[in-house]
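As structure tokens, the structure follows; a few thoughts come after it.
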Amino acid sequence: MSDTSVASPSSTRTAKRTDEPVLSVRDLVVQYRTGSGTTVDAVNSVSFDLYPNQALALVGESGCGKTTLGLGLLRLLPRLGHIPSGSITYRRQPGATPIDVLKLNSRQLRRWRWAEAAMVFQGAQSAFNPVITIGDQMADTLKAHVREGERYNKKEGIQRAGDMLKRVRLDPSRVLGSYPHELSGGMRQRTLIAMSLLLDPRFLVLDEPTTALDILTQRGIVDLLAELREERGFAMIFISHDLALAAELADRVATMYAGQIIERGSLHDIFYEPRHPYTSGLINAVPPVVGDLPELASIPGSPPSLANLPVGCSFAPRCSYATPECRAAEPPEETIEARDQGQSHEVRCIHWREVHHERKVIARA
Amino acid sequence: MLESGDTPLLRMTHVDQTFKTKKGDVPAVQDVNFEVGPGQVLCLVGESGCGKTTSARMAGGLLKPTGGEVAYLGKNIWDMDSKEFIDYRRSVQYVHQDPYASLNPIRSVAATLTAPLLKHGLAKNRHEAWEQAAELCRRVDLTPPEAYLSKFPHQLSGGQRQRVAVARALTLNPKLIIADESTSMLDVSIRVGMLKMLGKLRDELNVGFLFITHDLAIAKYFGWSGKTAVMYLGKVVEIGPTPEVINNPQHPYTRALLNAVPEPDPDLTRTKLPNGGLRSSEIPNLRELPTGCTFHPRCPLFEAGCDKVVPILAEIGPNREVACHVTGRDTRSQTDSPTRELAG
Amino acid sequence: MGINVADATLEPAKGEEPHVSEEVVKAKGVGPIRGFFRELARSTSGLIGFIIVVLLVAMTIFAPLLRGNLKPTTDYWAPFSAAHPLGTSGQGIDTLAMVVNGGKTVLLVGFGAAALTVLIAVVIGSLAAYFRGWFDALMLQVADLFMTIPQIVLLAVMGSLFRFDSPFWLAVIVGALSWPVLMRSIRAQVLTLKEREFVEAARLLDLGTLRIVFVEIVPNMASFILINFIIAVTNAIYAMVGLYLLGLAPLAGVNWGIMVQDGWTNGAMFNPDALPYILAPVAMIVLLQLGLILLTRSLEEILNPRLRDR
Amino acid sequence: MTAVAVKSVPVANPDRPRTPSIWLRIWRNYFLRRVVRALIMIWVVTSAIFFLVRLMPGNPVDTYTNKLIAEQGLSYEQARAQAATLFQFDSSKPLILQYVDYLNNLLHGDMGSSIVSSGTTVASKVAAHLPWTMFSVGISMVIAIGLGLVLGMLMAYRRGGIVDHAVSVIGSLLHAIPNYLLAMLIVVVGGVKLKWFDFAQMRGSVTPGVQPGFNINFIQDIFYHAALPILTYVLTTAGTWALVMKSSTTQVLGEDYVTVARARGLSGGRIAGTYVGRNAVLPLVAQIATQAGFVVGGAIFVEQTFAYDGIGIQLYKSINFRDYPIIQGILLMITIVVIFANLLADFIYSFLDPRIRTDERTED
Amino acid sequence: SPGTADNGNTSSTKPSGSGSTGGGTKSGGEIHVGYPFTAPPEGTFNMFAPANTIIDAVGVPYGDMLHMPSAYYLWADKSWIKFLIDDYKLDEASNTYTVTVKDGLTWSDGKPLTAKDYVTSFYCAWLTSQPVWKYVKDVEAKDDKTFVLTLKNPSTVLERYILKLKISDTQTYGAIADKVGPLIKAGKTASDPEPSALLAELQKLKPADPITSGPFKFDTGSITNTQLTLVKNDKGVNADKIKFDKVVIYNGETPDVTPLVQSKTVDYATHGFPPSTEKSFIAAGIRILRPPNLSGPALFMNFAKQPELKDKRVRQAFATLIDRAVVGKVSLAESGVGVKYMAGFTDNSVDEWLPAGVKDKLKTYDKDDAKAESLLKEAGWTKSGNTWKTPAGKDAAYELEFPAEFADWSAAGKNVAEQMTTFGIKVTPRGVNFAQVPVDADKGNFQLIIQAWGANSHPHPYFAYQADYLTHNYPIAKNNGGRGIDYDLSAVPGPDGKKYNIEEQITACGEGLDLDKQKVQIGILAQLFNEELPIIPLFERYGNNAAVEGVRVKKFPADDNPVLKNPAYSDNFVVIGIMDGTIEPV
């Protein structure tokens, strides 16, 4: 990858789906060191491919390692986190030489981040420097990625930042001059989204980008993301626990549980024919908004502690399909037939054949 | 508006909050009125930045209103003597919206949870406090508690932090909980568990809730027996019993919100109208509010005059109030009560 | 400090049984000292620092046993020799013996004054920032007053009225005069910290103002306070030397400060034979500070969980 | 529909007067209020200095009288009279009257004249010596703080690395050597023993005969002479700044927005400067401000060692001579500077940290 | 005795047409000396400005080469080197003193130096209350050469006052001095309002370029606070003999000057160097000259607070138990010489001032612990273990105060404390600010304190006794609000059994012109002092002037040269050597 061409917004981005993924992750493990020398595998042997213009939803229980995975992809792990094994390969364009992200030096990494790979963080409150204005932080981002030999054009920068803010339905005249603490939680989150799109990255990790947003804004953002994705062809990883949002936005869905991707497949495969009991339970737990008060189904039991995972399938203790084999060995990832053509569907459950998901019929007012 | 003659736990009357910034005043909350009684739930929904958190902060005594009155058990909290205020403080707990900021980075979960227990004598010794903290963890699904108690916030995921924050609010057995988006980072399954747990508090211990959420499904689920207030640009535009607000929304804004709720069904959810059917997705600037009804630039029911006259929050039925010229008129023409009544 | 050191040692080991809490609770009771050493060993340099400090303190305590002969000889300003490894003073006293024996007052004054400085600064600074209003305004004025009142003059006056004879009073004097700078820094930090939501949360739990300030807020800047404490130790020692140099504190007894003063007035730095007399006490002070600084490495990690990496 | 009718008016604050008087407005104005407070502070400190100075043991007339009696065998009355005329200072005048005179003169911009060396006004003395101190200490402060902050950040960035250890050791070593001793060692070792520089030439502030003015010659010369004091100050203070900055930076480095800034691909320099540095420096602003006193007060023994013509050594001398007006004059300068530097620090602080600024406004 | 001083004397008494003849010795050399001075703006060239001005600083001793006194004294052979005068004569009958000014002297501006300038100088001295006027009624210039002083009361001390007064030029000071004559005639005293106003006027003068009579003048443009340069004044006294073109004076106190000496930048410095520094000088091959200083530190006791010390045997015991030689050695190495005769004035002058036989009667209090013990026991003290108890039964424990900043005095204080403690009298040393020490001394806020004995401004013992008996005792201390050591001076038993009033005795010893009569009085005083020991002199201080030979200066006077008996601060031998050309550049 050449450093100089990074920030180009002009090149044709509406690449067609090919066999070349923009990002392919293989057997990625992320560990956190904790006190007294122990480590926990917050991400455990995760593999997936992300193709240009594709939206991959990463759903899963709280604490299962979604954020960690996202941070790992950008090599932004905190000092006690590290990647002991696995690979992350990035391809700017189909046909371009692949880049081993884990081997980038800090300078290359700096250029790569945000211009090629951006991330919207969970907890936007602390994502901004509290003592400088949003406008300045936007400008900083733009300035950091001006191409060599070029100078940062202040007016153009403000223009670009303003445009982006408008797209997330914020008033640039107000937000640009504000300090982070002067914005409401949702406004901060939108500002962060606007900032993430500022440089037209090739792929975007969105870590629960809409948790703090109301439905209309959420919708606006989702529509916006879809629209921008259409327009610019970037890929995205949409981390969320909200299946409904994933349903709205994603092409593919990966379900995580206790550090592992336990199922991945196309949108329809996952929502209509989930093969992992956990995925199925998750979908069933979403409460409908209209109609009378329903009895909510939830997955029995509680998520396991990563430090103390059960042997075998980690979902087994909560699983109604569980058998002694499940508790004996970790289930391998199996590829099963997909509903959609040209899509794959993988699942880590030895009982996948037994799992039959009832599609809920949602009553509309 | 209160069914029985109970004094409400919390009552906000004509509450205003205007932030002074160097670029001008920001009227974040204007003339907000509501009450929460014991065992009741008031859900506050609305667009981002509409003043939900600000209202909640005023209700929690964290921010002094620039106008109006916040009363706890009938007494203005800013006129309380210190003993009364302490009582209020302990009885009203608040869960912050952002668990990344509301946990002390250098205090372990155990320290966070045991501190109030020990301080207020709810636990006799460290051992007991530890046990209770573990129990609290279990209640918010942080199991096994031992794995979490000794962790520090930076070692927790977003949802785990949020649960710690909730657990902390429960330590003092409060009478009223103000929960600001306190399940937003939880996945559905855990969220349901949490809501059930909170619902139990509500039903069995008569705890009142001011429940802020943007997720109407949650408002519906948790606030079914209570009320829901919809805020827009610092004002309450619709308020009423939750089933009615959800199933029979009157304000065009509420309707738009409901229209926009996503469904966990790819085919279905993609048939929804963009913008929830609104004319514009632009959220006006609080410093330059639109004239008349502040919603008029986006309102699908816009009529001439909406941009001139400010609608008042008027009663349209038992316990139902809406601030809309159009739908208000339609419903009120039957009830014939043009003036607004204030509760209590 | 409000940090519960024991808390920090409770990282569960992998594979602990669910009802481990019992043991953990018990560990709280027994482990502080062992835990403290385990924490210390987090960082090699921290451990080295700790050893240096302990050795220095031990040296001052056991000084009379180590090298107790402070009797003068007739060999004034003697150079290095086997009998006098660091030479002798102008009075013919063995320099090494003076160095070994001269630490007690200095350490007492240094630590005492620094503790007082930090204590006043932290208490006043954090409370002023937390309460704001008249208390803050008043304390700022008092701090400004203390900061601007010329100390030489003040000390000259006080020196003529009182006798700063005991180390205790020296520590009080030095400590009482040097808190304002740190107080302002602390205040500035608390001003920001108290706006954090976790402080709000603590207030909502009615944890009590003092607890909020000193347990929730202040430990967040523990390492900052710590480093300032160490700097305050050295500063206090030299403030004391300054008092001696300006003739404002009585020269009585053997101590590093007086050695520096005496060496300075007697031009010890001009004579290679006499140089150890002035440099040895300075070296001791350097060593003390170095030990403390290295020690902070461990303490920092104890106090700030985010820094721990092992 | 007449929906307008009952639009509720926000409850106005009734007890706030409509048009506050000018004094009230001044009082309300945060900045003005702080300035007024600072002025009062200066008055308090000035008064305190006035009385403290006179409480110091010995006074110039007595000291001189004693000297005359002892050395020249005059009668007490004779000696006393001579001393009194010599010093143009009458210690028998009631203190309170002296004080009133002093304040009165001060208000008219007159800081008085030396009583030990007649005809020398305090103003001329300050004007002659203060610039040197401000020059040498000022430059060293800038260098030391700059260096210290950079090193401190480096240490925090590479916590546990070689820079960290090296600077820790060297920094605490230098901090623990008092500046006067270091100055002397520089002279003795560098100047006399190793002859790295011509110490005799470098003494003082200017080379005799070099004419002051804006010319290369003069500027070179003053830097040449200031080099050793600057070196001493920098060496003895930079380490401290580094250590303090390190601990402050370490705290900031843990903040999420730093991670986010890294994610945004900001250059290391930008992050270090605006995201880490700026936030880490906040708690140091107050400490830096208090160095203002040092900038105008100088370091007595360092100036003495290098025969640098600064105000510190003058203060020391005037204290030894009990030259009240000079002591007062110099201390007054220091007071003013320190107080205003603190004031400035407060303003700068509220400028650097917007969270405080709004807080200030809503509260006052 | 022969030697340089003698040569100097003879040569300078010869009239010399200055500047015009025989100036072939110019070699363009420089001599660098160290001395503290105050640079402008507060340092002025005004000779009558108060202390702490440039002239004052340069005045001792190098200023003597600018504004010359009439003569320099050779202490060893008690003769004068006359610089400005041909002769001086006392006429007892008319009670006048006549000074004859040399012919052909000129100021650096070319004007002649005449008796008129003497009048100017003495009138200005009247305004500044110089001690000479204690003995003088009025002065006048009979003609250009003849200057006459009319005396109030003649005294032996007067000669020195007259001859050592620096002569200042009428050009600068005349206008003010002229107004003094009428004031004196009108019977005013210097402290009256008119003279005071005049004095203020005098002190405000700021001559831009001082006119000098000596062989040097200021290079006014080159003065900084680190150094100043004196350049040759060809018209000045002895200008033709001087071998140096420039005198560079480096500003600074002991610690500042030390490295300059070490690096041999400075050739001669009069500072009192502490022993360790001195050691390093010697190691570097720098010579140490040891001129006398006639005074030193003494142990003062507070009799009001410690009545047990009122017993003279106790004081004698103290003097016996303290090894004064050690104290001197510790404080100033070779230059601190333990006091031998305990006469109250310098041991050097004992032969000169004591009547025959008295010297032998003086006790020398040699270190003798047994003797000290018996003295204490006689006085009722007891010893238990290693601790002495006073007759009142208290442990003998004292605190000894001394100025912390003075290296020699503080070393002396510590050493005395050490010695006494070893002996069993616990003495805690306590160094305090030097400005506070005299205040404490006068107010009586001390138990034991180190202060000066003897006097170095004037060789007459009268001055030494003033310092010993009066300065920190009630007669003078009362003016500072205390009673000092509170030693009763009114009826001290003398060697002859008579009771003496010390104050009267001191006055008597300085009065009149009859030296023998004075000596008798001095003899009595010396015995009184020696027996009573109101204070215990510890050592006599000698200078340890650093002298660098071979860099710029060829040689300084040899150690056995009697000129080295001159004190360094007055009648300085280096000044003499420069003036007469015996000190030369290499």
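Read from first to last, the chains carry the letters A, B, C, D and E; within each, the first residue is number 1.
By definition in this document, a contact is a pair of C-beta atoms (placed from the backbone, for glycine too) under 8 Å apart; a residue touches a chain by one contact, two chains touch by 3 or more.
Keep in mind it's a predicted model, so treat the numbers as computed, not measured.
Chains that count as touching both chain B and chain D, per the definition above, are A, C. Across B-C and A-B, the chain pair carrying more C-beta contacts is A-B.
Centre-to-centre spacing of chain C and chain E amounts to 48 Å, using the average Cα coordinate of each chain. Chain B and chain E have Cα centroids separated by 92 Å. For this pair, chain C with chain D, the centres built from the Cα atoms lie 24 Å apart.
Among the residues of chain A, those in touch with two or more other chains are 34-35, 78, 123, 125-126, 130, 181-182, 307-308. Counting partner chains per residue, chain D shows two or more touched chains at residues 56-57, 184, 188, 254, 256, 282, 353, 355, 358. For chain C, residues touching at least two other chains, in rising order: 8, 10-12, 16, 156, 160, 192, 195, 197, 220, 245, 264, 270, 304, 306. By the touch rule above, chain C contacts chain B in their complex via residues 3-4, 7-8, 10-12, 16, 18, 20-21, 24-25, 28, 196-198, 200-208, 211, 215-216, 219-220, 222, 303-306. The residues of chain D lying in touch with chain C in their complex are 37, 41, 44-45, 48-49, 52-53, 55-57, 159-160, 165, 168-169, 171-173, 175-178, 180-181, 184-185, 188, 240, 243-244, 246-248, 250-251, 254, 282-287, 289-290, 293, 301, 315-316, 319, 327, 331, 334-335, 338-339, 342, 345, 349, 353, 355-356, 359, 363. Those residues of chain A that touch chain D in the shared complex are 74, 76, 78, 106, 110-115, 118-119, 121, 123, 126-132, 136, 140-141, 143-145, 179, 181-182, 195.
Of all residues in chain B, only 60, 62, 86, 89-90, 92-94, 96, 98, 101-108, 110-111, 115-116, 119-120, 126-127, 130-131, 134, 144-147, 149-150, 152, 154, 165, 168-169, 171-172 touch chain C in the complex they form. Those residues of chain D that touch chain E in the shared complex are 56-58, 62-66, 68-74, 76-82, 84-88, 114, 116-120, 124-125, 128, 184, 187-188, 191-192, 195, 199-200, 203-209, 304-305, 307, 309, 320-322.
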